[in-house]
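Chain lettering (A, B, C, D, E, F, G and H) follows the sequence in which the chains are written, and residue indices restart at 1 in each chain.
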Amino acid sequence: MKELRLMKGNEALAEAAIRSGCDAYFGYPITPQSEVLEYLSKEANVRTGMVILQAESEVASINMVYGAAGTGKRIMTSSSSPGISLMQEGISYIACAELPCLLVNVNRGGPGLGTIQPSQGDYFQSVKGGGHGDYKLIVLAPSTVQEMSDFVKLSFELAFKYNNPVMILTDGALGQMMEKVELFEQQERKTNIEPWATVGKPKDRERNIITSLHIQPDKMEEINLKLQAKYREIEKNEIRFEETNCEDAEYLIVAYGLVARICVKAAQLAADKGLKVGVLRPISLFPFPYEKINELAGKVNGILDVEMNAGQMVEDVRLAVNGKVPVEFYGRMGGVVPTPEEILENLEKKLAGGKA
Amino acid sequence: MNEEIIIAGFGGQGVLSMGMILCYAGMIENKEVSWMPSYGPEMRGGTANCITIVSDSKISSPIISKFDTVIALNQPSVDKFEKAVNPGGLFIYDSTNIINPPTREDIEIFGIDASNEAARMDNTKVMNMIMLGAFLKKKPIIETHNIIEGLKKVLPERYHHLLPLNEKALNRGMEMIEEITATV
Amino acid sequence: MAKVKGDIVIDIEKCKGCELCIEACPQESLETSRQVNQKGYLYIVKIEDNCTGCVNCALVCPEGAITVYRKVDKKKEHVAKITNVTKDINITVNE
Amino acid sequence: MNEKRMIEEDQHFEDVIAEESICIQENIVYEKPDTLTDTPFHYCPGCGHGVAHRLIAEVISELNIQEETIGVAPVGCAVFAYNYLNIDMTEAAHGRASAVATGIKRVLPEKYVFTYQGDGDLAAIGTAETLHTCNRGENVLIIFINNATYGMTGGQMAPTTLPNMKSTTSPFGRDIATMGHPLKMTDLVAQLPGTYYVTRQAVHKPGNVRKAKKAIMNGFKYQKENKGTCFIEIVSNCPSNWKMTPRESNKWLEENMIPYYPLGDLKIPNVKEN
Amino acid sequence: MNEKRMIEEDQHFEDVIAEESICIQENIVYEKPDTLTDTPFHYCPGCGHGVAHRLIAEVISELNIQEETIGVAPVGCAVFAYNYLNIDMTEAAHGRASAVATGIKRVLPEKYVFTYQGDGDLAAIGTAETLHTCNRGENVLIIFINNATYGMTGGQMAPTTLPNMKSTTSPFGRDIATMGHPLKMTDLVAQLPGTYYVTRQAVHKPGNVRKAKKAIMNGFKYQKENKGTCFIEIVSNCPSNWKMTPRESNKWLEENMIPYYPLGDLKIPNVKEN
Amino acid sequence: MKELRLMKGNEALAEAAIRSGCDAYFGYPITPQSEVLEYLSKEANVRTGMVILQAESEVASINMVYGAAGTGKRIMTSSSSPGISLMQEGISYIACAELPCLLVNVNRGGPGLGTIQPSQGDYFQSVKGGGHGDYKLIVLAPSTVQEMSDFVKLSFELAFKYNNPVMILTDGALGQMMEKVELFEQQERKTNIEPWATVGKPKDRERNIITSLHIQPDKMEEINLKLQAKYREIEKNEIRFEETNCEDAEYLIVAYGLVARICVKAAQLAADKGLKVGVLRPISLFPFPYEKINELAGKVNGILDVEMNAGQMVEDVRLAVNGKVPVEFYGRMGGVVPTPEEILENLEKKLAGGKA
Amino acid sequence: MAKVKGDIVIDIEKCKGCELCIEACPQESLETSRQVNQKGYLYIVKIEDNCTGCVNCALVCPEGAITVYRKVDKKKEHVAKITNVTKDINITVNE
Amino acid sequence: MNEEIIIAGFGGQGVLSMGMILCYAGMIENKEVSWMPSYGPEMRGGTANCITIVSDSKISSPIISKFDTVIALNQPSVDKFEKAVNPGGLFIYDSTNIINPPTREDIEIFGIDASNEAARMDNTKVMNMIMLGAFLKKKPIIETHNIIEGLKKVLPERYHHLLPLNEKALNRGMEMIEEITATV
């Protein structure tokens, strides 16, 4: 039976966490995502026994996640930009120790304290690695409240498939807005014990150790090679994107998250004017759909990358296109959300030469 | 059907609930809905708005800058959103509170004396339902009984004794907008 | 009417109607008005002219909205004066 | 809300206006200090932050140290403190005000440096910075507004939230067993040899306001002597998130907060000054 | 250094080897516990970390809780603790061991969880995590090795470095005026209602070793009862960075560290167990 | 008079800080850069009165830097990878508040606790922004102990020219190795007061406020636009690089820091074999010498990017080249330093087709 | 020679010659040898056969290198035995 | 002149100082120098090495994997670096401590009984100076009196009374290498 609800994005995400059979959430309040912890505080423990702990800081949160994820359970945290910055050391540790877990960044306008309005200014941090060393998060960018829910389940699946932290990179608007969401059924809490987990060493296995320390460089390089091999594997299997009217498009817009939907609206406005514009929405930001974009680049006259930042994903788009066609950028910053009209205007100005 | 609305006023005037009621009601009718609030930090005296879209088909952008309907509950909102109505669109404002009404000539404009009427109904809180009624009369995108269902979702249980009053206000709004002619 | 030694001036546009001054006033001189100010708050007014200028109201006012005057040994009567009345008239609501 | 401003006062009051007013400059016994800007506070009605701000401004005005004072604002409701205090100010990252103050004071040892921090800021995320600043005995003044909640973010549980007190993240009340006891940071820092003057005050009643001001005055004065950290907790309210009227909130403060956080000096200099 | 291993023992000893040895299994009164792996410690000669490790291993062996215990290693000289303790272990980021332990314990409340941390780790960068773990009364055991220095990074000043004590970052001795007093974290956490058992021990002499082991034993036992955090400080040495021989270092510890950090219980459960 | 000394990189950097008239250093020990704090603890205060404070953590350090830099003085910190990760929130604040200061990252092998051996795994973090929001550090990468010294002075100049934090991104090997270094003369401590600094408000000026908070998105966007304009200005003026035998090269190696020197050696080995290889060493990583590389790409048959990581700067090289010629990558990780021989071997294998 | 009730075995390859056992031994049974072990440490040996098996040395040994034996009521003499002698012979230095 | 050397042994054998002395001395002669230590965390019993380059021209890479000269003070270092000598290069080892000397036939190999000799000189610490002397005899890249100057920089002031002994050891090393023939 379909269970439909009108929910805020943050609430849908929290509800999905409960339904995913998540074992524990550790987090610290920050706008615009405090509803996650608030919702869980009210609902989670009574329904599934899920552990909810408000930590003393984001640094503590991420390290609690590290400890708890080491037991092989389904663990998550969420925060927004400044809080996520504080987690960078911990994230690097988690990635290196190959612990599955879910991190949520409800991106707000930066840098610094900034605003609490939506932004995509944390793309680089999420995708290239804000922490030290070579590591990758699997990064998923929802664009609907439905996806705010669905991607939680997906994230835990991917996290445990690859023993890798997964980040849901969303923004304040998606967190605060309400849409219909079809909830998935309550999943069982996890019962199996991961073979690598620190749960107490039985007599019949070697002790499990969770660490990211390998003082000998060649050993540390081995660890890195193993990680890199895994990332190549993820790139092979887990690229996700959504195409809207890309088949016979003259121009292509690339955008992720909520902005992609605004771009679809812009493309509709363009269609009204007789201009064929397709929209490619990367859903997985890592792994990034380089090939798909490269392929589409061969078919269009130009590409406009639209983001709520000063131009970050556009670098990946350019790397994908590798000079085939012009790639232009349009962005708004500091919490300002672009309108469909201004996107179309920029597409026309920068690429279509006033064609539409 | 695809109706794109912005509802704007002071925090506390019930702006956000109006949008939510529309969404819940729309859901009951299996419509697509989206509700996008402006949100700010804990600060008093600010203005609030929400973009509400009710549609028969999938909603692309929940954030738009042009609207089919603007419902404005205070002066700053009138000033800010007058330009945001699509030509031919609808603009409804609370004439009790608004001194300088919109002046555009390519849209339909209705001033509803909603706050005064709410006071007359002995509950200033129902002002928003009067405005909602007025809107729904002009654009009957959702059936009234479903609006009441939507209201039930938004109104906390402990206020459900006020449902009849709210329904009355909704109907009053419908009547009031009938009684006046648009200024354009 | 009691001999009035003190007086206060309330900046009604700053007042948020929290009523803490009412609670603090030993003379019970203050009351919430029936009017709202620019920001929509029911501001405070003096309803009695028995103010002693004890300063209590000003001390607890979170908005720093109260100025207190006190004159010793002069026998005059005063009541609350609303500040900035003329200035306020011209204020238009503009975000 | 009524948009039309009613300018005219009630007839009742107009009737009794006397010809001669004592409201002249020379009779002023209390007015907003000039170190306070004219910007109206963004705080909710009845919020103690406003009083605390005003007291700091009064002290700076009275000590005539506006030119020599640098303030550090927190992340919390008081994040905009710099809009109200007419002094040089730095807005610190959440919890780091005392580290920021340390940075300033170390390079400007002759200046007065103070922080203004909430309980989430100072006693949760900023615990390490607070404790180490006090332990190093940095010659700064720390003003700590304890309102038992995360005001700015909408009423989540703070380290200082009372047992069984409800908040958005302790919707069934603070459960000591899983969420721990309220943290009395002031008691802890009083134990550190680095602190020189540690006191707990309130600003909900005129008498408390007077004492709190005295405490702040002391905090600034002692700083001149380089004796170590001065730490002033102000037990305060948050009507909005406590979901009370301001008057109710102060009553609740009196009946619940103060018994848990008793007012008074926790550490005073041997030679007490005036 | 001589590369050729001299295998043969001095003639003197060979001469006195008796025919029948008492060195048989049944006569063992002390041997390395089996919870200790065979990997030789990487610690410098005479370093107290080795003794502390062994005691933990002994307690785990004796309580027979190897299967139920998860340890958290710090960043510090004990970073490789997991090489020596034959139990499941997690290597925490610098200072965050108690947060990591909290994470583990919350999802595995039936298991024994302990941290092992140095003074830099626990009392500098990890101050907030330590304090809040104790304040929440997490049912974990925190073992705190206070050697008054950052051992691993080569002898920088620690929060616990004694006044006037030299280190690579206090080359003229710790100057209280600018670097603050040594921080007595154990005294602080003893004040928190969340802690259940707080004690300060040492391992430089046989008697102290016995007491320290007893304390660790208690720490594990109490954990079963879910009464709150147990916190054991072990005042220890760092011959390498103190630039002393091991024997000198223990003497210095006795004469300087212990007077400053007096040994004994700071908080004991009402009903004291055996 | 030339003052020549044999010094460790870390010591040269510390000595240069003193001689730059630096006002304060706040830091926390971490290998392989603890010598900086240690050297300063011994030398600095007695010589120039410079303030040296060992903070309780890197989080505290960076926030002390924030406070002190707000007074308009010359302020610095240094750390290594995990410590720099902890500073990301603070760095984002500093960049947004436009405070001049010097940050030093003596990069070690990551991710996680990793090793203490040299690495370049923090390129993305330094150059793209490990913290939240759109901001840029000016990033300088020394390759000699001499530059470890010289760039300190340069950093303070650039920091104050642009009111921007500058990062010296170096690595453990450069920090630990000794070379001859010609020390510059002792500079005066700063005496002028920056007009924006928080030093106490005199009667005759408005109060100075240092903040990164602008709750209105349009205001925050303005701040961002101002920052972006500054970054464009920096890109115009401050690109630095070093070319070795690039004029008539058949192949180009791009590498930064110490690795660039190893590549020069590899190029010498190649020359011995008759293969002409040029080396382009970006000195400023932001601003990055895109144009120069694009220009050189037009002249060579292929480009090899060499790094001590899994491939980070190579993205910027590819963006610069934009498809003109093949760009290949060779990297070592986890603290392993590549040898000239293996670099040459890879150049031959990947590009020259065994030509040499 | 005194009646020997106790005995110890030192794992000389684990011993780092810290001498803490020497200091701890009430019988003064222990002394540093003149030989270095595989790692280059001057390890400890028992020089007297008066060990009482009091365990002190083992308690303070940071390397866990000492095993202590004690036999009550049996009158036999024992001295330190060096463990792993045969094993050690074959060890070659290899990083 | 461009001499690329690696000196390797246990920590505490004076490996790092040998390289430093060469560098200081090289500096005095206005040569280019570079010194790259292996570095590790606080852990005992490990091995240490330093790559030292002394050159008339600018030094490109301070990190190299092939050397003109290897000086090995313990067995692991012999095993590890035997292959790292350039053909025709020089390999000097402390024959007191090393049981399995290198066996390559395309390089010059000298075993110096340095540790024993140092013991005979009543200060085992000067072993490294003996080795250094041996090296400098074979490759006189720097003048001896400058080596002594370099030594002065490396040796802490409080040990300067040992300078004559060290100089003696240096000379002794020079003599010793003269007395033997390379094994190849």
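In this section, a residue touches a chain if its C-beta (ideal position, glycine included) is under 8 Å from a C-beta of that chain, and two chains touch if they have at least 3 such contacts.
Quantities reported herein were computed from a predicted structural model and do not represent experimental measurements.
Contact with both subunit D and subunit G is made by E. With respect to subunit A, maximal separation of chain centres occurs for G (centres as means of Cα atoms).
Simply put, of D-F and E-F, more C-beta pairs touch at D-F.
Centre-to-centre separation of subunit A and subunit H, using mean CA positions: 55 Å. Subunit B and subunit D have Cα centroids separated by 41 Å.
Each chain gets one centre point, the mean of its Cα atoms, and the points for subunit A and subunit B are 34 Å apart.
Within subunit E, the positions touching two or more other chains are listed as 1-3, 43-45, 79, 91, 93, 124-125, 127-128, 132, 152-154, 159, 178-179. Of all residues in subunit B, those touching 2 or more other chains are 10, 40-41, 44-45, 74-75, listed in ascending order. Under the contact definition stated at the top, the residues of subunit F that touch 2 or more other chains are 31, 53, 56-57, 59, 82, 89, 93, 113, 116-117, 211-213, 215. The touching residues of subunit A, counted against subunit D in their complex, run 28-31, 34, 37-38, 41-42, 53-54, 56-59, 82, 113. Within the complex formed with subunit A, the subunit B residues making contact are 20, 23-24, 27, 32-37, 39-41, 59-66, 153.
Taken in their complex, subunit D has these residues touching subunit E: 124-128, 131-132, 135-137, 159, 176-181, 183, 187-188, 191-194. Note for the complex: subunit A touches subunit B at residues 4, 6, 31-32, 116-117, 172-173, 176-180, 258, 261-262, 264-265, 268, 337, 339-341. Taken together, the subunit G residues at the contact with subunit E in this complex read 4, 6-7, 9, 13-14, 16-20, 22-24, 33-38, 40-41, 45-47, 49, 53-56, 58-64, 66-71, 74, 76-82, 85, 88-89, 91, 93.
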